[in-house]
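Would you mind keeping the following structure in view while I ask a few things?
Naming follows writing order (A, B and C), and every chain is counted from residue 1.
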Amino acid sequence: MTDAKATPFRIAWYKFKQRKTALVAGVFIVLLVMAAVFAPVIAPYDPYATNYGLSMLPPSAEHWAGTDLYGRDILSRILYGARISLAVGLTSVLAGALAGVALGLISGFFGGFLDGLIMRTSDVLFAFPGILLAIAIVAILGPGLVNVVVAVSVFSLPTFARIVRGSTLALKESLYVRAARSIGASRKRIMFVHIMPGTLSGVIVYFTMRIGTSIITAASLSFLGLGAQPPTPEWGAMLAESRDYIGVADHMTIFPGIAIFLTVLFFNLFGDGLRAALDPKLR
Amino acid sequence: MFAKRLFLVLLCLATAAAPAFGAAKDVIYASESTPKSLDPHDTTDTYSGAIEKAMLEGLMGFDKDLKVIPLLAESYTFNSAATEFTFKLRKGIKFHDGTPFNAEAVRVNIARLMGGKLKRSSLMKPVKELVVVDDATVKFVLNEPFGAFINTVAHPGALMLSPAAIAKHGDQVSKNPVGTGPFIFVEWVSDTVKIKKNPGYWRGAPKVDSITFRPIPESGSRVAMLRAGQAHYIYPMPAEMLKVVQADPKIEIIERPSIVERYLVLNTRFAPLADQRVRQAINYALDKQAIIRIAWGGAATEADSIIPPNLQYYKKQSAWPYDLAKAKALMKEAGYEKGFTVVFLTPNPSNRLRATEMVQQQLKEINITGDLQSMDVASFYNKLEANRADDPNLMPFIAFGGWSSSTGDADWGIRPLLATQAFPPSLSNFGFFSDKKVDELIQAGLVSADPAVRREAYAKCQDAAWPMAPWGYLFVDKLIAAKSKTLKGIYPLPDGGFSVENAELTD
Amino acid sequence: MLTYFFKRCAAIVPVLVVVSILACGFVRLLPGDPARMMAGPDADAATIEMLRAQLGLDRALPVQYVTYMGNVLRGDLGLSLKTKLPVFQEISLRYLPTMYLALAGMAWSVLFGVFFGAVAAIYNGKWQDHTAMLISVSGISLPQFWLGLLAIQLFAVYLGWLPVAGFTGKWSELVLPSFTLGATVAAIMARFTLSAFLDVLNEEYISTARAKGVPERRVMWKHAFRNALIPVVTMAGLQFGFLLGGSVVVETVFAWPGLGRFMIEAVAVRDYPVLQALLLLYSFHFVFINLLVDMVYALINPEIRFE
């Protein structure tokens, strides 16, 4: 039997496995993604199909999560809503990450005026709490999910930039990089091949944690009427519709809310596990 | 030192406790609409008009069944040709700012209306001149015979403002209305209006100290406030929550017949909607019973004419049936089988929003698609009023509209909505509908004082207009309000307004 | 100390400038003619031109900015497109309800957050720790508007203990909205308190105290807790910004007559002068609160001042 190599990946995986909650969360996330991807196959009904005769039915054998005001099956809407929330969450954080990483690398690597400019701008973006910035952006661009993605990616940007900049600054002076420079590697090569991978662990951790926030922000915007427009089956929009029927049809409030809560919870737990696994300093 | 501190603390406590003694009787009225203006001569919506009627009075008024009664005028006479109307004014009445109410005051108000620039100026179009006969008598001389002139004088657009207020504030009198009515204007702050009792009111001081009108467009919140005692009266009472409220022993439901008709304004300047077949298809595609049941909680009846049944000279047409196949056929015939895109506009009160969502769902079946835009009531009407017929960039909208004829008469239920003369900004023909035959019939009903002639004109008008489908017909409201049992004397009027002068709070 | 103060003030000036440029230029970012937008849809050409001249839209951008900021400093924030009333007036009406809400929310979050965090630290490793942390993560994962709806459902509709919505000045109306608002921040505070507490517990003076024979309780309370509170308090200040942001959603759920709901209404009708002013207001709040927190922290922690 050969010795397994103690690669960084293996060490991280071992630490990750130790936190059971994170593992369970990871499994659920996979299930969620599959449910979202296969929603058209799994969903028992068309999420847009209205049936006025079946308005606001409580959960039953035919409709596991009941029906909404217009007779649409809530379970199907939740499944399709998963596609929307995951897509919006992942896309917006990805966009923010890409832009943030690029800016962070440039900022840390070149320093000087460029660094100052980028950091000041991200300070400014920091000055707004996410949702207000998102609302401002939606006010300019108009309502709709696409603009929500833009808005959310914008306010994820600064922290990504900061994290990457920090790592870049540290790595710039490392032996590894100095060696590469001494053999004449181009700046671009140093930045992307040598430094960037070292920043990735921080990025990945923050990435997973941001997804939860993004999903909640997108749902909040839809709840306020600024994100997904009717009849889109977005979880936040579904909760907005249920508001007037508290006490009359509570199932309309409970199921979409549970969907948001669990999704975000799993992403957060997963992110926690990642952080513990990848960052030895933290608890 | 200590005694001083103790004294201050006690003083603070005393002042804090003071309001508990002799608590003022303040009624809270939770509405769904937001006020647009408090200048009666410039007001087009029922809600603002109803608030104005609590503070201002006209020569004539309406009783709770919308019958015309004398108010600031003691009596009136008119000549047989219906071209001269003489009013004898009540004596000894003063405006809230002390200005006496007399013929001169009437003259100032009518002159202001006749000046032509305000939204209700058209009310005085039939008038050639106003003659001040003496300090307590005025005479309207009309251009043409107009039998329904008494109704016009009773319209909230002809309420009397204090001439001093007009002189002082000019157009800003909307924020400073001064009248002769049972309540005095206190303030209009953001969307909330507060009025207080007029102890010197000529018919006797009101029994409550003040009334606050708070708009709460979310129907659930409105009901919640009533049940929690944070509001004494709410209108409309959302019908879908009737079950919940009926079980509450502290609350009473009031139902009244109404003259409020709801319809979809179709922008006929937009090519597809200019085609009559498309408009008819829209009507065939609307499942009105479902909309009534789900969005309106069952509190409405399907529209079966362009005016509601309780309006004078209504003639029943047949309710437009729900026939999706026919709708599709018509769209195909008109060349719009693939459909087109519009913008669905709606004010934000919950029931109207839901109804528009259902319209959006139903019209999708005939490939009419589009986004929904909602905003508060005042902004909604501002938006529609700002459109002009000659604007090449008009939004292709389908808007959730409605109307109640505050004169109780067919003329005011048709002319401001369908006549070519009624394009905004002049009146409320927001869809820019225009048809010569309909115009002629409207005119025929307007100029005559003979009930038989008018009846025939309006019958023909409804017969002609109905099949043309100028709107997406919807329904006629059943008025439902709800109030705390400690409140007496406030009730809804058939036009969706309200009467508050007999308000009384018992504990 | 004073030099530090001035240094920090100097540092926020560029941020404020950029923020104000963004807020001011906000309207220019819109498609179309800003003057037309501001004048409103029912304005005629003459009014639009007058507004254009008044706002200085026909002058160079820097001049526009200076004019706008000059007006702002004088308290003139323009007129609301919807109500035609001064924006300053509209905002001052709604300022207090939002402040009450935010402060009450802060109170909840500090109370619950610090409590749970401390419990988790004290019982480190035992079930209380895990439960506390689970509650904390759940708090972050709960959408505020859902929590609000559920709270209304339970406490107002079913139990009938508290009012559903609205604010007429009664304290009972503040309970549910502020609790909802504070819950998320409480979760964040709990995690932070825990790590702050743990950091402190690892310090030398703790082991010294223990070695000296000081009873465990005193160690926890007198030494650990009080020292851990310093960063916790500063964190609380920083979270205030988050609370202000969250108030937008909470105010909508509870029909609260504050700035948050005002902002949403303004967005719905494209009332740009109001939006501009609100953006300025919110961002200036955050920047100044951050400054305040920095100052408090510097006051307490002398090391920072001399960097």
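Simple rule for what comes next: a residue touches a chain if its C-beta (ideal position, glycine included) is under 8 Å from a C-beta of that chain, and two chains touch if they have at least 3 such contacts.
Please read all numbers here as calculations on a predicted model, not as lab measurements.
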Identity of the chain that, by mean CA position, is farthest from subunit A: B
Two chains sharing the most C-beta contacts: A-C
Most central chain, Cα average position: C
Separation of mean Cα positions, subunit B and subunit A [Å, integer]: 48
Length of the line joining the C-alpha centres of subunit A and subunit C, rounded to whole Å: 22
Distance between the centres, which are taken as Cα means, of subunit C and subunit B, whole angstrom: 41
Residues within subunit A bordering two or more other chains: 225, 243, 246-247
Touching two or more other chains - residue numbers and ranges from subunit C: 157, 268
Shared interface positions of subunit B, touching two or more other chains: 218, 220, 374
Subunit A to subunit C touching residues, read off their complex: 21, 120-121, 123-124, 127-132, 135-136, 138-140, 212, 216, 219-220, 223-226, 236, 239, 242-243, 246-247, 250, 253, 257, 260-261, 264-265, 268-269, 272, 283
Complex contacts: residues of subunit C adjacent to subunit A: 14-15, 18-19, 22, 26, 29-30, 134, 137-138, 140-146, 149-150, 152-153, 157-158, 195, 198, 241-242, 244-246, 248-249, 252-253, 263-264, 266-268, 270, 275, 279, 282-283, 286-287, 290
In the complex, subunit C residues that touch subunit B: 40-42, 82-83, 85, 90, 93-94, 156-157, 163-166, 168, 255, 257, 265, 268-269
Subunit B - residues contacting subunit A, complex: 218-220, 238, 240-241, 243-244, 287, 290, 293-294, 350, 354, 357-358, 360-361, 371-372, 374
Of all residues in subunit B, those that touch subunit C in their complex: 189-190, 216, 218, 220-221, 224-225, 227-228, 230, 348, 374-376, 378-379, 382-383, 385-386, 425
